[in-house]
Amino acid sequence: MGSKIAQHIKDLAEDLRRDWQLYVLLLPMLVWFLLFLYKPMEGLQIAFKDFSPFRGVAGSPWVGFENFRTLLNDQIFIRAFINTITISGLGLIFAFPVPIILALMFNELQSEVGRRFSQTVVYLPHFISVVIVAGIVINLLSPTTGVVNLVLSSLGFDPIYFLTQPEWFRTVFIGSNVWKEAGFESIVYLAAIAGISPTLYESARVDGASRWQMMWRITLPCILPTIIIMLIIRIGNLVEVGFEYIILLYQPATYRTADVVSTYVYRTGLQGTQYDLATAAGLFNAVIAFALVFTANRISRKVSSTSLW
Amino acid sequence: MSAVELNDVVKRYGALEVVHSIKLSVSPGEFVVLVGPSGCGKSTTLRMVAGLEDISDGTISIGGRVVNRVAPKDRDVAMVFQNYALYPHLNVAENIAFGLRVRGEKNDVVEAAVNEAAAILDLMPYLKRKPADLSGGQRQRVAMGRAIVRKPQVFLFDEPLSNLDAKLRTQMRAEIKRLHKRMDVTSIYVTHDQVEAMTLADRIVVMNGGRVEQVGSPMELFLNPANAFVASFLGSPPMNLVAARVEAANGAAVACVDGNVPVQFRMPAAIAAGMRAGQKVLVGLRPEHLDIEVGRPGADTQEIATAVDLVEPLGSEALLHCRIGGQPVVAKVDTPVDGRSLSDVARLAIPTARLHVFDVETGKAINGQA
Amino acid sequence: MATFSLYSRGDRIFGYANAALIGLFVLSTLYPFIYLLAVSISSGAAVTSGQVILFPKDLTLAAYEFVLSDRLFWIAYGNTFIYTFGGTAVSLAIMIPGAYALSRARLRGRKFLNLMVAFTLWFNAGMIPFFLNMRDLGLLDSRFGLIIGFACNAFNVILLRNFFESVPKSFEEAAKMDGASEWQLLWKVFIPLSKPAIITVGLFCIVSRWNSYFWAMVLLRGEEKIPLQLYLKRIIVDLTANDEFASSLLSSRYSFETVTAAIMIASIIPVLLIYPSIQKYFNKGITLGGVKE
Amino acid sequence: AEDASTKIVDDPLELTIHFHFRDKYVYTENWPVEKKAAEWTGIHVKNVASLATSNSRDAFNLLMASGDLPDIVGGDVTGGLKDDFIRYGMEGAFLPLDDLIAENAPNLKKFFDDHPVVRRAISAPDGHIYFIPYVPEGEYSRAWFIRRDWLEKLGLKEPQNVDELYTVLKAFREKDPNGNGKKDEVPYFAREPIEAVRLINMWDARVSGSERYGDFMVEDGKIVHPWTTANYKTGISKVAQWFGEGLIDTEVFTRGARVREYMLGNNIGGMTHDWFASTSNYTEALKDSVPGINFAPMLPPKTVSGKRFEDSRRATVQPAGWAISYTNQHPAETIKYFDFWFSEKGRILSNWGVEGVNYDMKDGKPVYKDSVLKNPKPVNAQMWEIGAGVPRGYWASYPSEQQWTNKMALDGIAMYETEPGLLQPEFTGVSMSAEERAVYDKYWPSLLTYMTEMQQTFVLGAQNVDASWDAYQARLEQLGLPEVIKVMQTAYDRQYAKN
Amino acid sequence: MSAVELNDVVKRYGALEVVHSIKLSVSPGEFVVLVGPSGCGKSTTLRMVAGLEDISDGTISIGGRVVNRVAPKDRDVAMVFQNYALYPHLNVAENIAFGLRVRGEKNDVVEAAVNEAAAILDLMPYLKRKPADLSGGQRQRVAMGRAIVRKPQVFLFDEPLSNLDAKLRTQMRAEIKRLHKRMDVTSIYVTHDQVEAMTLADRIVVMNGGRVEQVGSPMELFLNPANAFVASFLGSPPMNLVAARVEAANGAAVACVDGNVPVQFRMPAAIAAGMRAGQKVLVGLRPEHLDIEVGRPGADTQEIATAVDLVEPLGSEALLHCRIGGQPVVAKVDTPVDGRSLSDVARLAIPTARLHVFDVETGKAINGQA
């Protein structure tokens, strides 16, 4: 038994000697993570304190799970939490595949010039601030002058005031988000596609595959590891919807479906300087996210041998 | 009507022309083998037939239809790739099944076909593995399997056996031959292994530098190579080519090799008729026709002095690397049973009838009818 | 490479349909840019009264004059370049070797380290602790602090790591047999072979740096260090404040909408140029010809 | 103008200050106003706040978190700093000022004595004052504006009560007052959704008890939320009805801040409720592009109960100003410095800028120079640039604003001022103890969320007010409204009742 | 001291053991060839020596030092990969130079070495091309070049010639041999081509299913295969193995083949001594020892009745696929010069002394000393 441990230590030492360069390469990043991300994490204590910035993390009194209790007893928070999951869940279903599809479509584009041009253009909206995007969306959906409603009424429907209807909010939010980000997000997949050996396509072509089939049976499986990684990360973000865009788009009238944890925190926490509550909400999210990811990662490692760690 | 016809096919990569105006007509059911040195354009030609490379000039027809602009999948051909091109995300069974799946074959049909192919190729134990977990030879067999499960109009093989061991290779060769007999599918087969070429081919196409040097049945090419290149390319070890000069001696033409020890070859009458005095020629001697059993009488055999540099034993035979008139010559001889040392061999016996002679300048064979 | 002329009819139809769909999407994504452009060269009055939708009205370059004549704009622009390219360089210099090390199976404790990286995707300290940490490290109000403080992020590390993992093992083996050190292996083999990935991550770094302002706002004090996006925020604050009592909005040549649009256009253009210039690295077949699969 | 009376120290004393306001500006020694003050008082105030940030709230919070407080902390942030001054003051970050004022600051003492409301409004639960506020002057901020030219064109009078208002709005909607042949008129529009709801005034309901939207109000010494009253129920249901009839801009919730420019510029907006000063500029600005436009203030129509009242008003005291940090080594000098700004000289300096440069004294009164008044930049913006009118602890002077407000607005304000009883009592806020604040913080944000949500839901007609009112009330109770009212009442009683 | 020593080396992939306890000692300067069927673990073994695979059990030493945990680059070995593993982003010259560059060699040294290697490998015209623009054989030559520019302590070759044409292959083979002679570097060479194995090896290691079957000099293995596997593996076409039963007839042991037409083999005395009556054996006949020249007298030759199924012409020789007692047997015979048809052959002559006999159960050779 003891000799086994000794052997392990010896192996370890030998491995370290053999691969020391590898550890040197890792070192800066490791130090960085420790110094810039892990060191301040002691600040997560705030979630369990009645935090006053002036008193500081150490000087603020402990309150145990009080902040969590406050959150979980707050029906508005619960609703925001459910909304968050719903929006990102729907996003996962409807928005997540879009950049993949887009990347696949770009990949099928024959004209080099066309491909360059269109790729450049579709990633443009990413750079346009959400304020402008929200403005455009509001204009498009205006019940009186918006293009969408003009089309609707020309088809004989009544105009819809989309942005005040809770039923429509998710559609509008996810849809416009896709439109804004899909082009940019497709870059990851384009990079993955670039790594596929062209001989596979040749082989498939001779085997009689149509382009459609090649897309499905070659391209897609080959970028699957990337998709899975992105998916797992996305699953980790199920409990996270950024507040900036929502705030521009939502209305009290649509809170029912639009109010998410981050907007809740924004309204209640930061404006009123309730860092403790905000941190608690963040921590609550993180724990759930982590549990989700942990599961997803485990499943993925089993099923596809791709994993986040 | 030819099954496959290449008409002045040219392939250029940018300014570089790698295939120059190839003409070839393959009859239905015929097994044609392309051989030639590395980089001579065999794969490129095959890929043009498959539809994987644009044809820079000329036309290719399959089954009478010009296919220059027909998609590979509509040409009804199957191909084994030189670099395998296995789908890394699919296991062996799925790799083999791919061609059938994309054609929407039924499950049981696919399964049966896969099992059949796997059995032929000795792949049964590996069906569930991914290509990454296979040895080189196993991968190559999978690539073979992928082609043979389909029943295409034309088979294209690009060195399908190059990574197999001798035993499997012989076995696979026979298997391919049998398959071809059974399915009677037109096949174009690229190889650099002339044993494969000789045994499999109905006709062999010898290529060199993007050109066709000679087309013919294996024995035709072996016995009557049109030029020095073909002669030296077929046969293993290749035919020895000894540079010589034609002189008239005793009324008949002889080829003289200059050197420290000048050597003369007597010519068969048919060839001698085509020779001019002073002509520079290459005298072709197949290693397996050279013999160490000297001293046997007869006008049909001549003896030549030699010096042995190196002996490579091959088991029951051996390769003698020796020199004739200073020029290297390889002889393939039986290992003497009497224990004589092969390094001592001083003279080689050459059957005169089996001499070949090529003009140095044109490379063409001199065979009297010229 | 693939020869597109050799497509079947069905495949060609597929191609056209695909191109048409992309064309539609492209048109829709082009709109905000055109809109911004139109706004930036219209008069403030036309924009504030909602008359600019697609085409500019009352053509004027007043907004650009306003912006381009501001010294701070140019300083901010310069800063953004420093943060973006300096930051990206530092990011890549730290993340590439790190991600490479994490991608190697022989790294001891690899699983734990990867988990440690991924963990930070969800758990972060929050603004105040991070700020205090930066203060403790003496990195407040320094360009370097802003560059180094955000050098890595888990997402990019994971992405890089993943791409490194997908480089065929054979290349590493060959280089090791050739006697390459880890560093050489990374530098001479993995980096060239992972160009699309590195370009992607580099692009992500560039883009996020280019767009970011929040931490610049939190960590910087001096005006002369602010990035463009922060300048934009300040202009907005400035102009809204002025607007509040402004009588001249309806006759003004520029308004905060037009100025904002002008700054955005000015700030989008460099990024716009980056993408096409790196696109060639997304070409297929980076490992073509290297191995027999 | 050497004046010994303003000297606080003989040797120049430098004090540090964190002062960030309006999300962008910081205190600076280079302000001419500041230079003057330093010259007069001998105290030089040096800024330590970030020039980079564009969020004053963050700047303040980070300062508190970092712990190294300068001598003075001040400024103005979104949502106000009053609660912060009080909270951190009680935690020990800021000095209580009561004794310091009593001993060193005659002007401040006099001011607080003269304005007990202000003093009470800024008092902490422990009874102390921790900061000197920015005290505005003037009463009316917003007014009802209407297209008087449209009224004329349609032969209507200025609406004097709810029914007339209804008629007018209806006519705006139906009768094509802009004459373009299309029914594109928007009878009533507003920049903020809540200003659309302001029409509930017509049914005697209030939108807020203070300048801040959705604030509590005091009725008979009791804290009440205006959005829970019976009048509100009536008001909101009527507003919903008007909204449904198209009398209120159907897109009022998504129009954004540029709605006045859009509505007036395109000649389609009929009426609004907005700031006097800025709104009255439009008639002038648009006279070329919209011929005949006359968008002018009018008195609030009489409510259903026959009253006339104006719901909005200027705050008595702003939740901004400055405080002395516990680290300050010169509290006496500092409070004297604060006091300086409440002196006659200081007050003029803080409002009008530097004599001879920005204003001249005429008849003992400051008058802006023409160079200031004729400058295309708004005067307040000009003042900020020199350090006047910034939210330090000072007392604003209405006359300075008056001088650059246009005539229409001034007439309007005069009209409102002459109408008796228009102004509503102001809720000046309560200072809660830590425990009270904990209760408030726990419930209030969600309550406000729910109330605004329901408000819009009602207006949009997505829920019928009568049908849902009980459920609404019940839900408020469930979300903790009684608890919130209770702690506020306690705080209120402590702060104001013991008068 | 051995240059390379494998001591009970085991390789497992998960639960799957693919190399079972291999023992092998290679002397300095020796040229050892690993042969064996596809998937038998040759590459794996080689890769363990290179340091590319972890060793699951046992030890490997190079130059007397245990290298189990030494990084490949510190083992001072060079390797040619079965799948080339060229750097796709570097051109041919850079690929070849890589190993020298990373060692920081001077520019002119590198250039000279690259040019030398390129000349040997006929790669001069391609130095500026990327691997993607090369033919399969050209790629393989680049892979070779990369290894030979360095002067390592040990060369490892994994089927370095499998994609070359016969001519180039012969040439390269000789080149490798010459290189080895000149540099005298210990080499381990994996191949499935026994001609390569026979001609190159000082010693051959025959592997099968992850085990070493026999180690010895080429001729040793060829003449005295330790078991049926080795016997059938070396030689092309492989040795025919005919199942038979031992019977005592006329005092001497004979092996009888059952079938429609029962056949008897007379045994050489030495072997007969090791045989038991009733024992099930495999009689081994090398195709090249079978002859169609029947009727020659002598006790050392016996004749066996046969039926020819298929004739594969190889030029001056041909393969006869025939049957003895119903079992398939291949004979390699000279093409008759007299024009006789080979399909008519009815009897084969077998030199008794060249018979091999193996026990069916153990597979071991029976050679009298048993």
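Letters are used for the chains, namely A, B, C, D and E, taken in the order the chains are written, and counting of residues starts over at 1 for each.
Operating definition for what follows: a residue touches a chain if its C-beta (ideal position, glycine included) is under 8 Å from a C-beta of that chain, and two chains touch if they have at least 3 such contacts.
Because the structure is a prediction, the values reported are computed rather than measured.
Engineer: Show me the overlap between the contact partners of chain B and those of chain D.
Structural biologist: Chains that touch both chain B and chain D, as defined above, are A, C.
Engineer: Please identify each chain that touches chain C as well as chain D.
Structural biologist: The shared contacts of chain C and chain D, listed by label, come to A.
Engineer: Tell me which chain's centre, taken as the mean of its C-alpha atoms, is farthest from chain B.
Structural biologist: D
Engineer: What chain pair has the highest count of contacting C-beta pairs?
Structural biologist: A-C
Engineer: Going by the average position of its CA atoms, which chain sits the greatest distance from chain E?
Structural biologist: Computed centres place D farthest from chain E.
Engineer: Could you put a whole-Å number on the gap between the CA centroids of chain C and chain E?
Structural biologist: 57
Engineer: When the centre of a chain is set as the mean of its C-alpha atoms, what distance in Å lies between chain D and chain E?
Structural biologist: 95
Engineer: How big is the gap, in whole Å, between where the Cα atoms of chain A centre and where those of chain D centre?
Structural biologist: Those two chain centres are 40 Å apart.
Engineer: What residues in chain D touch two or more of the other chains?
Structural biologist: Only 61-62, 65 qualify.
Engineer: Residues of chain C that contact two or more other chains, please.
Structural biologist: 7-8, 11, 127-128, 132, 181, 285-288, 291-293 - these are the residues of chain C that touch more than one other chain.
Engineer: Could you say which residues in chain E touch two or more other chains, in rising order?
Structural biologist: 71, 82-83, 133-134, in rising order.
Engineer: Determine which chains touch and list them pairwise.
Structural biologist: A-B, A-C, A-D, A-E, B-C, B-E, C-D, C-E
Engineer: Write out the stretch or stretches of chain E touching chain B in their complex.
Structural biologist: Interface residues on chain E, with respect to chain B: 13, 35-39, 43-44, 82-83, 133-138, 141, 158-159, 162-170, 192-195, 198-199, 218-219, 222-223, 232-238, 286, 288-289, 312-317, 319.
Engineer: Which bits of chain B are touching chain A when the two form their complex?
Structural biologist: Residues in contact with chain A: 47, 50-52, 71-73, 77-79, 81, 83, 85-90, 98-99, 101-103, 146, 150, 156.
Engineer: Flag every residue of chain C that touches chain D in the complex, lowest number first.
Structural biologist: Residues 45, 48-51, 127-128, 131-132, 135, 141, 213, 216-218, 220-223, 225-226, 230, 233-234, 237-238, 240-242, 244-251, 257.
Engineer: Can you check the complex and tell me which residues of chain D touch chain C?
Structural biologist: Checking each residue of chain D against chain C gives 22-24, 49-55, 58, 61-62, 65-66, 257-258, 261-262, 264-266, 277-278, 281-282, 284-286, 289, 376-381, 384, 406.
Engineer: Which stretch or stretches of chain E touch chain A in the complex?
Structural biologist: So the residues of chain E touching chain A come out as 69-71, 74.
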